[in-house]
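Each in structure tokens, the structures are laid out below.
First chain A sits with chain B, and in the next complex the same chain sits with chain C.
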Partner chain A sequence: MPDILSDWWNLLAPGVQDALWFALLFAPALLTGVAVTRGYRPYGLAGAMLWRFRWASLLFALLIATSIGIGVGLIAQERALRQGTARAAEKFDLVVSAPGSEVTMLMAAVYLQPSDVPLLSGEIYDQIAGHPDVALAAPIAFGDSHAGAPVVGTTQAFIAHLAGDLLEGRAFADPREAVAGFSAPVAPGGRFTADHGIGDAVEQGAHAGHEYTVVGRMRRTGSPWDRAILVPVEAVWAVHGLADGHAPENAGRLGPPFDPAYFPGTPAILVHAEALWANYALQSEFTRADTMAFFPGAVLARLHGLLGDVRRIMSVLAIVTQMLVAAGVLTGLVILTRLFSRQLALLRALGAERRFVFAVVWCVAAALVAVGALLGVALGLAAAGIISRIVSARTEILIEASLAWPEFHLVAAFVSATILMALMPAAIVLARPVVPDLRG
Partner chain B sequence: MIHRLAVASIATAAALTFAASAAAEDHDHHVGTLQGLRVVHAWTRATDGGTAYVFCDIENSGARDAQLVGGDSAVGSDTALVGFRLNSAGEGVYEILPSVPVKAGGKMALMPEGAAIRLDGLGAPLKQGDEFEIELEFDTGHMEIHVSVEAPNARAHSHAGHDH
Partner chain C sequence: MALSLWVDGLVVRSQRGRAILEIDRFTSEPGIRLGIRGPSGAGKSTFLHVLAGLLPRVEGSVRWGEHALTGRGAAGGDAARTGFRRAHIGMVFQDFLLFEELGAAANASIAASYAPAGERAAIRDRAEELLARLGIEPGQARTVRSFSGGERQRVAIARALAHDPAIILADEPTASLDRAAADRLIADLADLARATGKTLIAVSHDAALHRRMDRVIDIADGRLQRDEPVHA
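Moving on to the complex of A and B:
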């Protein structure tokens, strides 16, 4: 692309670039349509032919719809997954944990997938919380559960950071109080006892005697934290028979500052700094022999990169499938035109211009492609919506599939390519001799 | 015979010394220093596009904190210190950073999906195996470093892990 054109293109807003791409990709279909039908009104006759062979036409349209639907669904689903997982991790600027796998810690601390990880000491927590660039350092103590929902020990400040003001009730003010996530299995006013462990490793009754009362409910975050129940981290330590993070003279206190000598440990610490640059400085400072500091967003971006690679490969397969289906449909159309070759020959015998007959046959093919493409978009969106709901239900990550420009670009490219290919059956019909066809 | 052996030994030793010094020179090529600051393994990815991101490891063995504030290079029309952020749409975006501190006795890594030096308006494609110079700007002064152009999908300098 020449520099002047490239500079002009780069100055355009992304939405305008997408709209222009769509127009460019759709233009061949539109121009072909205008050129083929110019001066004629072949639509009524084309419609009648489609109706006459309606079941075969419907089958062709459904074949096209299925192939388009796969491509559209694939793109919409991958984007929905990417956006959903990114939204769920948005509030986790920087996570500090014991050295290990960043992906494991991402899954454990951000997506609350059960994992057995080493604990960080009170000294480390103190260094992080006391750092001048740190605005919030919240312990995230996971490992317990109730009715399959994670019970996580943390601080009031973390709840405010994660979900803002509570939807109802108030924050916990006592080690026996809890705040429920938006879709947690307990509601404000409800009582429960946490089980030790989560999933298949759960030990029921291990924390008997420590009953929590739910006093508030968080707003929806679109993340697995919606199903979690948040309790004071002091309560998590206490039910495990450990010190509660505070010196005896501060007994009953909730939240920071914690006393390093009485801090039993936490699997992860969420770190929030007001400025992005400070996060980089903190990551460097706390990436050392005894700690691992990582950006969940960066780890997620790498995972998205892999997801994108898979999507690209599958998109190529989907495009190849679409082209094969289109070629099959058009071949079928050539065969179909033999069925009404007598009617077309009659038209020509009555004096219909060759271009008019050409336009009628092309219109039949173009209508099948257009209807199939529209149905395919609807089919792809519906399939992505259903898959999104299943994934959301299983992971508690809010996945919402919607249509965006890439899908429209795909459909425009497909429609243009197949509508150009549809010129072939129209030309083949014209090549047929009139007299033998009239004799049938 | 002994004379021949001695000559052969000296020649072999000289060749080995030359090779070692060439290798050391090659390694030193990847190191920049300035008042206790040391920058190693500067690299970028091969690209045909107009933008490239330069990554490197910075070590501060000095007694005072330093601030990386940006850079300058002849290969691009604009240079900026940037930081990666994943937005809620799941898209990675780079935001301009005013500076990044490198603590006394500490390290700072500019890396993919992290902080980086962004070169905009590249005058020519960057090909794998190429090298170019970039000037890093610290609050304490400027440092010239060599940047290696790695594969388009590289995630680290090809000498990463070598002890310079």
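Moving on to the complex of A and C:
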């Protein structure tokens, strides 16, 4: 591309670039249409022919719709997954844990997928919490559950950081109080006891003596934390028969500061710094032999990169199916035009020029492609919507599929390519002799 | 504008080269109503197709007025013959050949969909006028699928005349109709041709149709047999 053109292109807003791309991809279809139908009114006849062979036509349109739907659904779903998981991790600026797999820790601390991980000591917590750049250092003590929902020990400050003001009720003020996530299986006023472990490894009755009362409910976060029940970290320690993080003279205190000597340990610490640069400094400072500091967003980006590779492979498969479908549709159109042959011969006998007959056949093909493409977009969106809802229900990660430019680019390219290919069956029709076809 | 017909040394061959129609010389004056009769397979319809310019390869010369369809002076090939058909010929077929999914008016004015923009309105107006004259309500929404045979053939006649051609070519127009419908159709067709001064050439087995013609010719074994004026 000449420099002046690429400079101009780079100056355009992304939305304008996308719209121009769409126009460019769609232009061949539009221009072909204008050129083929110029000076004629073939639409009524094309409509009559489509209606005469409506079931065959519907089948073709559905075939095209399915192939477009797969492509559109795939792209929309992949993007929705990427956006949903990124949104769920948004509040987790920096996570510090014991050295190990970042992905495992990401899954455990951010997405609350159960995992056995080593604990960080009170000294480490103290170093982080006492660091001048740290605005918030919250222990995240997962491992217990109630009715399948994770029970996580943390601080009130973490709840405020994660979801802002409470939707209803108040913060916990006692080790026997809890705050429910937006869609947790408990409601304010309810009581429950936590089980040790989560999922299949649950050990019921292990924490029988310790009953929590739910005193508040969080706002929706669109993350797995919506299903969680948050309790004071002191309570998690207490039910496991450990010290409660505070020296005896501070007994009954809730939240920081904790006394390193009485701090039993936490699997992960969420760290939040006011300044962006400070996050990088902290990450580098706490990446050492006994601690691992990582940005969940960066780990996620790597996972998305991997997902992107899968998407590219799937996209190639989708394009291959689309080409196969297009080839099938063209073959079908050639057969379909044989069904039309008597009507087309009649038009020629009545005095219609070859180009008009060509225009009628092309319009039939273009209508099938256009209707199929529109149906396909709807089908893809519906499929992505259903899959998103299922994934959302299973993971509590809010996944919302929507249409964006890449889908429209795909559809425009498909429509243009197929509509150009539809010139072929239209041309084949013209080679047929009139009189034998007229006799039927 | 009526056109006279000249046929000279016409030979139509089958794909294997056998002559299926041979007419040495034939002429007819403008505005005539001409019946063509003869046994099935004798070459009547082939003759009609030649007169319509529908057969791409024939020997000899066929001229409508100054327009040569084949032979000496014929230029422009298929496109020219198609253009001539569009301007000067209206066709009626045995099995109507209507677009079943369209209504009476849309069928009768089909030529408007490929005519130049300036002629479309006139074609539509004439189609409606003809339908009304033939006793078919042009404004009705139902498609011709529900029409009787007689009604369909009247729609086909309106279609053949909507672009105001000088020549009407009809191929067994009454063969798919019952007697009453056939009689009405013959009357309509003959009267319309007479009233508008158009040349009507009808291939038919129907004696009732022949009685309404000015002249009837016989074709048998691909040759012109007899040529007689008819006096009703």
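FYI, the second predicted complex is superposed on the first by the 440 of 440 C-alpha atoms of A that agree within 3 Å, B and C clash if a C-alpha of one lies under 4 Å from a C-alpha of the other, contacts with A are read in each partner's own complex, and residues count from 1 in each chain.
Keep in mind that, in the parts below, a contact is a pair of C-beta atoms (placed from the backbone, for glycine too) under 8 Å apart; a residue touches a chain by one contact, two chains touch by 3 or more.
Since the model is a prediction, treat every value here as computed from it, not as a measurement.
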So, after the overlay on chain A, do chain B and chain C clash or fit? They fit
Contacts of A:181 with chain B and chain C, given as first, second, both or neither: neither
Inter-chain angle, chain B to chain C through the CA centre of chain A, in degrees rounded to a multiple of 10: 120
Touched partner set for A:277, first chain B, second chain C, both or neither: first
If we overlay the two complexes on their shared chain A, which of chain B and chain C does A:267 touch? Say first, second, both or neither. neither
If you stack the two complexes on chain A, which partner ends up touching A:73: first (chain B), second (chain C), both, or neither? neither
Name the contact category of A:139: first (chain B only), second (chain C only), both, or neither. neither
Return first, second, both or neither, reflecting whether A:153 touches chain B, chain C, both chains, or no partner chain. neither
When the two complexes are placed on top of each other via chain A, what is the minimal CA separation of chain B and chain C in Å? 50
Those residues of chain A which chain B touches in one complex and chain C touches in the other: none
Note which residues of chain C are touching chain A in the complex, please. 49, 52, 54-56, 78-79, 82-83, 85-87, 89, 91, 93, 95, 97, 99-102, 106, 110-114, 116-117, 120, 159, 163
Residues of chain B defined as touching chain A within the complex: 50, 83-92, 95, 97-103, 106-109, 113-115
Chain C-touching residues of chain A, taken from the complex the two chains share: 39-42, 44-45, 47-49, 51-52, 342-343, 346-354, 356, 433-435, 438, 440
Chain B contact footprint on chain A (complex, rising order): 6, 79, 82-87, 89-90, 276-277, 279-281, 283-285, 287, 295, 297-302, 304
